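Each of the next two complexes has chain A plus one other chain: chain B in the first, chain C in the second.
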Partner chain A sequence: MYVAVKGGEKAIDNAHEWLDEARRGDPSVAELTIPQIREQLALAVNRVMAEGSLYDPDLAALAIKQARGDLIEAIFLIRAYRTTLPRFGYSLPVDTGAMECDRRISATFKDVPGGQVLGPTFDYTHRLLDFALEAEGLERPEAAPEAGAEDHPQMPRVTEFLNKEGLIQQEIAPAPAEDQPDDLTRQPLELPAARPLRLQSLTRGDEGFVLSMAYSTQRGYAKNHPFVGELRIGTVAVEAEIPELGFAIEIGEVVLTECETVNQFLGSKSEPPQFTRGYGLVFGQTERKAISMALVDRALRWKEFGEDDKGAPAQDEEFVLYHCDNIQATGFLEHIKLPHYVDFQSELELVRKIRREADEAGHQEAAE
Partner chain B sequence: MAEARELTEAEKARRGWMSLLAKAPPARLAELWEARGAAPGFGWLRAPEVGGMMVRGRAGGTGAAFNLGEMTVTRCALKLSDGRVGHAMVQGRDRRKAEIAALVDAGMQGVEAESLRAELLAVLEAEMAAAKAARAGKAAGTKVDFFTMVRGED
Partner chain C sequence: MSAEQISGEYNFAYLDEQTKRMIRRALLKGLAIPGYQVPFASREMPMPYGWGTGGVQISAAIMVPEDRFKVIDQGADDTTNAVSIRRFFEKVAQVETTEKTTEATVIQTRHRIPERDLTEGQVLVYQVPIPEPLRFLEPSEVETRKMHALEEYGLMHVKLYEDIARHGEIATSYAYPVKVEGRYVMDPSPIPKFDNPKLEMSGIQLFGAGREQRIYAIPPHTQVVSLDFEDYPFQRMKAPQCCDLCGAGESYLDEVITDDAGGRMYVCSDTDFCRERREAGHVGALGVAEDAA
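Our next item is the complex of A and B:
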């Protein structure tokens, strides 16, 4: 345990002043603005919104600036801020089938209706540093060519094609009265967790942790042979009931990344062999995270599908859900640097005592 | 949650403009509003308040609902001096945006509806549709055309 100590106020004040100065860096270099961060470091902003669990690009950009680019610190700031917001309610579930897609690809069907749309992707770049970006005052890049689309085309779900033939496990919404998921921000996590609670936990989980868990399943720890049935990134409208009016309106729009995996088929005595699914849905353009989430979601569903517990970390709900939150993790990890003087004094006393006793025992043996 | 019911024509129309205002770019909305001249007198029923709305998704896109994360919204309600009531719930933390949205909502229920539609809602709608079309066009430009390599079968 750590203890409250007095003193050091002046040192702390000075440390914070230096922090402010260090954040600004060399004053001869122009200061970053919030719009610059929001527009030009958009993927960092997306990660902070996803793991901070609050969709507000300007706030995420501010947090990144304040945290000097330390994204976990920025996520911490957002999580702390969101606890101060009154909760107005819950939206209706978003309809990702109606997403206006910037990107939509399928690794399972080449000629998918609506087409394979690459969007602004890093895929197929050569991952060579582009020294042209090093120069200041670059010419504005030319606007990307437009193919004269009037509107976003309909993009039917890839899993629906398999569904029509009954070849994939279905996702059916429960009756409205039962369709009330637990909320991690309202009740502490309890196990076993139903799938909706697992999905909430994973979507705000640390990208690195969820990625590693997903990767472990690919390497053989509870392997489940995933294909990316569909990956889509785009804008969806968010609808919510306005109690005073008695109907729902669209209260805004969010960019989401959705990944549906198609996984190894299985059958049972009652069910013919069919594909199963994993699901990822994350705020912002965050496809590495969404794919990872889908793989881990699928691994955690082993009981539901009557699969063997292979003892793999990604199958272990307690292990995954209690360790995926980087704010809980960093809070507990970093607290050990705070003063633990009393604890340590008692440990020190104990070691000295044991050594003293061992020494005395040694002397006695020598004397005998 | 209440079962979805059939909305009246008036409710559908109101749902339409409130949704448009919620998504409108705040600076442009303010510009179009201010261009109309003096704002009507009003009193607050609920002053603008920033809060969070928990956004939900569905497992597999169509299955059980789950909580995805919150978004910031601002809501308010006001009453014009002639008694008409305006409501707003808009995305983000801009209190002025919520105020204008509620003023437009109240105004749409009276004689100024036509001019509000023409000078403000229709303009926003057209601009937002144009931005969407440009984005859709860029996406369409990255659509892959597959062609099968010639296979030597003979």
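Our next item is the complex of A and C:
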């Protein structure tokens, strides 16, 4: 007697219980706290905030803990939570020119007003495992010499120096009627997408995907010779217009990474030779992502500059925008774990039928 | 989390009312233009894309507290993902759920249409992975939208013709394309083509593709024609056997491998249909009479 594949409910409950246990690991090891994750795994927290499109370090840390360190799973938790949050309104555009920078470098000039500030970077570290970190309860590292909050120097934008000479393409401010850009999370994506939509999509896109797309342009698939004009990481104020007050007030601060690339452009029929820009802006300290985003942004702008469609993946807006979201990608990829036996059954019947018919036809031929 | 906790934290049926309104507008548009894929601002749901987010969003948008909700996956109520979705709505909407097709007001399905005919007032919500029937012929959405707008379906007919030339028949066994009300070519979701004739029904059929951000619909009594040729008419297909549990000869069957020596049995994919028949005293070749069990 066939025992039906019953018991889905019980199996799910048991699996989830096991998951809880596995998440905790060996109970003799102290449990991770949210502040520990937030403070000591800050770059993971940043990635979850960036790709989850929700700036909240504590929630991101919670998601990482719940997801057992699987960052895409953590991003997914944040995205699903984000769905339930009411939308009060939109902030004013943030002024990254007024950013209080922890890090600010330019690769295009030896020195720039405001200075080159390395900040807390892995750059120039030797990637040697530091076995001293294995020991617990180490002395607190000596605090790095920090610039006093009052003497944050002015850090004008590097690309503006080029702009003054007319050597770089102007960024055109949107017309006042259009200064409310479309919102990717509130409207379905329709193509062709305007640049604000592309940037929204890239900033929440998968770091690995955007990195690989950017890398492909460097290797020659729609090569566009990028220089990091400026990379800055720091805190900016977020302001929102309060209708009852009639003016904007500061509602909080966020840490952002901004990258502007300077790219060659040899000119076209209508434009003289000049430099062009790619732009990346991402929540948190996420510079690999911001640089990648700037390169992909630039590659996607080929039509605007009258460049050739080289058929490169990074130039293909539909390809990039439809495949950069890791929550969409991982969901669809993993759904093939679900039962598909009904479809498979009809494929079985079809293949059997075609084989049977081919067989019969073969016999007939042989008989003739 | 307990049901009380969750229901306190989230709106009825999870989605906020604005989002539901947006989805309902897309549904109404879909019903007004049968078979047309309406773009909608799909939300991130607490289950992964590809696991029924489109269907879940539609169910959430149309659900009222009085509904009786049924979920099937591969025709069965007890497959893991059907269980998961049913539990989700038990938690966030606290609606009554049922496994009986006849009792349900809203049925969410993946890959099957119930054997029993739906009646007026019942709604069938499909989970759709790839809503675009032309996608496997043309990867670009920009292009396929144009093809629909121009009613340019030649490519599809060429594909079906090539199938016949190569295999002697149309080699599509599920997600078999249909033309709705003589206008839009539509993907009926990956149901076996056995189910295609049932797409003309008295119930309302709503299709949701969450990841692809598309909704489409078939209103009751709408003409739905499976694509074919005069000399190669559409053919339904199922395993030629009868259900080994209830003896049904007309239902879609799953093939179940019973040992590693080629042993197999065939059972109804629609578990509720099979149960109902067994309760009515029908017994298949390997079945046991209900009262004796």
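Everything below uses one rule, namely that the second predicted complex is superposed on the first by the 353 of 368 C-alpha atoms of A that agree within 3 Å, B and C clash if a C-alpha of one lies under 4 Å from a C-alpha of the other, contacts with A are read in each partner's own complex, and residues count from 1 in each chain.
One rule holds for everything that comes next: contacts are C-beta pairs under 8 Å (C-beta built on N, C-alpha and C of every residue); 3 or more make two chains touch, one makes a residue touch a chain.
All of these numbers come straight from a predicted model, not from anything done at the bench.
Of the two partner chains placed around the shared chain by superposition, chain C is the only one that A:339 touches, whereas chain B remains out of contact. By the touch criterion defined above, A:165 lies against neither chain B nor chain C after alignment on the C-alpha atoms of chain A.
In the superposition on chain A, A:368 contacts neither chain B nor chain C. After overlaying the two complexes on the shared chain, residue contacts for A:26 are found with neither chain B nor chain C. When the two complexes are overlaid on their common chain A, residue A:139 makes contact with neither chain B nor chain C.
Contact with both chain B and chain C is seen for A:86 once the two complexes are overlaid on the shared chain.
Once the two complexes are overlaid on chain A, the chain A residues touched by chain B in the first and by chain C in the second are 82, 86, 185. Remark: chain A residues 1-2, 4-9, 11-12, 76, 79-80, 82-84, 86, 185-192, 318, 322, 327-328, 330-335, 338-343, 345-350, 353-354, 357-358 touch chain C in the complex. Those residues of chain A whose C-beta lies close enough to touch chain B in the complex are 49-50, 53-56, 58-59, 82, 85-94, 96-97, 100-103, 110-111, 115-120, 143-153, 157, 159, 171-174, 176, 179-181, 183-185, 194-197, 199-200, 203-204, 237-238, 240-242, 244-254, 256, 258, 260, 277, 279, 281, 283. By the touch criterion stated above, chain B contacts chain A in their complex at residues 1-3, 5, 7, 11, 14-15, 18-19, 22-23, 49-73, 75, 77, 87, 89-93, 132-144, 146. Taken in their complex, chain C has these residues touching chain A: 9-11, 14-16, 19, 39-46, 48-51, 53, 73-76, 78-84, 87, 110-112, 129, 140-142, 167-169, 171, 173-175, 190-194, 211, 213-214, 237-239, 244-245, 252-256, 258, 265, 267, 269, 271, 286-288.
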